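Sharing a structure with you now.
Each chain carries a letter (A, B, C, D, E and F) given by its place in the written order, and its residues are counted from 1.
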């Protein structure tokens, strides 16, 4: 049964539940904020879009950092040596979205999280990252 | 295309992205914390399990409150008049899990969030709550 | 004696002390921020007014959610079946004040909190909501 | 009219609304937590009482610090030269309640906040601190 | 040996480690934000500079309040009776930097923290505030 | 002059001021908490020591993550390819101190931060990490 298996997998970590979907959800909010910022002429709306983007981009960084430090273990890093640099670039990309109102910067962030999600899926039997993203209300 | 449609749906809300999966993820962490609390004999571990449970249960409440206030709109309430009371009981159930170390209380919380998820799915064409939960790394 | 009675009343809840005055205080800060926003020509001041309003409106939502979920119990809801919808509209109104710089939107929020306060007073013998509001430094 | 007057008074400060009642509410929660801690035999309940007390005592400190720094102005300090030391002792007393489970330490905190409240009332025409405390749901 | 001595000194306080350098670091970030705000023509950058300044100035206030209430003890206040007022002016100055984009206001904040640092150094044998500031990456 | 140079160095980053001393200060608080936990027999004190350690270890993680993502740039990583793994082990070590009451685990965290500090110093002309640590009130 699915749940029992997962509990075992988390026993040595004990930090709740890890899923790259959490970063993905917030990164989508960043993307949407940029989109709406660019479409609006209302200065109050635009200010709020920037502020919400800042907050959401920060949440992306936090979700990614937690995933990197708390979920992944030495055997994962051995098998996927690119992980460290991928997380570094992804969190840097999240930082860039704070400064930027370009949709390309937000798209890059989504793409890097998707790369992480695909690797994550290879470490979790039965987890299909694409199915999660397709099913989420993004 | 999926994404474009969602952006339209959120235009009047502008608060990022809503998904009952966020509450579900944290509620699973509550459940896992209770499970581990009951299995451990180590007092420091047990203290941390209680503290983490408290924190996660609070996140459940916050995700549910946001969903209730920010996502649902008057036509939803007309169509699903039980929603107010369901959210009230679910957030109360989350509060109960702070006080309790019984796995039944955590299970009740999961069940109530699943009820909310099923209603949410009826308001979102193409969203399959069960598929999200089955695909998430819970 | 007043205090002893209250401790008893809270024993089954154990979450500290509930009072609609907490939401009322923050809603007044929202109102004042809107007022000052509209009176100012200084762009830095205006930006800060929007940011502070956002923060305070969020605190209103949080105080109201806590009051709704943690203070009120099933017999209250039976007696005041309008409570669920009233809290929903009040928290939605708080959300609206984040987006708006209209004093009417802030006034609506104050009015809805006052409605809640009046019902709260009917559940607490010896509590006079109007006296609290009149005495507070608002 | 009451409100207009207050807006004027706050114009140079612009930080929302100040009232010692905010610290008083949280200090009462500290007091109640100590009371319940001492009455309970349930170790989980007792742990939560300590944790909630810690959190509430921190809120007391924050409310007092804000009041001291943001509300009071040089003429107040000239007229009430004891204010600095009173706030220092009150915030220290709040810190003590974090470490202590003695009801006397919580009572001392309430007393010091009441002293502050009485001075505050002397700086605000028409504000009656005792009436606020008597009317609050403490 | 340095460390052992400090542990003893903190035993009665138990709140970790105090150092005015923490406030100094954040105040430098305030100063830098003002500097960059004034040099930029980009409205998004300028908005972020204001928001970051607000956040950092708040951290300055919090570090200073903690130092004042938690580190200093009655014998310190007897020996340095100006401390209360100095902290009050420093936290007020931090509040001013939230409202201001003048580099002089940020410099005043740095100067007041340096005054506090010099007094702090007189209470800590072997602590050289100027050496800390000179060595920090400010 | 020192300050001017630093402002230039930060222009492209704009996130305030980076210094490994911030993580070092919090890690010392973790170390001290463990020390005091082990020396005490008072259950309330011991609970607080665990809770404060948890909070401080979290701050260590956050300071390190920020330093890793926001301060270091591609040329640094090229020159110090061990940096990614060093930060990963250091943040993992901070996570371990949450679970542990062993002084060795806290010491390991201090050692890893010192390794980071030494590399940081090689990227900052004129910055002497050891001098900072020796001068701080740790």
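Simple rule for what comes next: contacts are C-beta pairs under 8 Å (C-beta built on N, C-alpha and C of every residue); 3 or more make two chains touch, one makes a residue touch a chain.
The structure displayed is predicted, hence computed values, not measured ones.
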Touching both subunit B and subunit F (chains): A, D
Interface copy of B-C among B-F, D-E or B-D, judged by whether over half of the contact pairs recur: D-E
Rotational angle, Cα trace of subunit D fitted to subunit F, multiple of 5°: 120
Per Cα centroids, the chain farthest from subunit B: E
Selected pair, greater C-beta contact count between D-E and C-D: C-D
Chain located farthest away, centre of subunit A as origin (C-alpha): D
Proportion of interface numbers common to subunit C and subunit E (over half same, under half different): different
Geometric centre distance via CA averages, subunit B-subunit A, whole Å: 19
Length of the line joining the C-alpha centres of subunit A and subunit D, rounded to whole Å: 41
For subunit A paired with subunit C, centre-to-centre distance based on mean C-alpha positions, whole Å: 35
Of all residues in subunit F, the ones touching two or more other chains: 14-15, 45, 47-48, 51, 99
Which pairs of chains touch, using the document's own definition: A-B, A-C, A-E, A-F, B-C, B-D, B-F, C-D, C-E, D-E, D-F, E-F
Interface residues, subunit B side, partner subunit D - complex: 47, 50-51, 54, 98-99, 101
Residue ranges of subunit E touching subunit D (in the complex, touch as defined): 14-15, 61, 65, 68-70, 77, 84-85, 88, 91-92, 95, 99
Interfacial residue positions of subunit C with respect to subunit D in the complex: 2-3, 6-7, 10-11, 14-19, 21-22, 25-26, 28-29, 32-33, 35-36, 45, 48-49, 52, 56, 120, 124, 127-128, 131-132, 134-138
Interface residues, subunit B side, partner subunit F - complex: 44-45, 47-48, 51
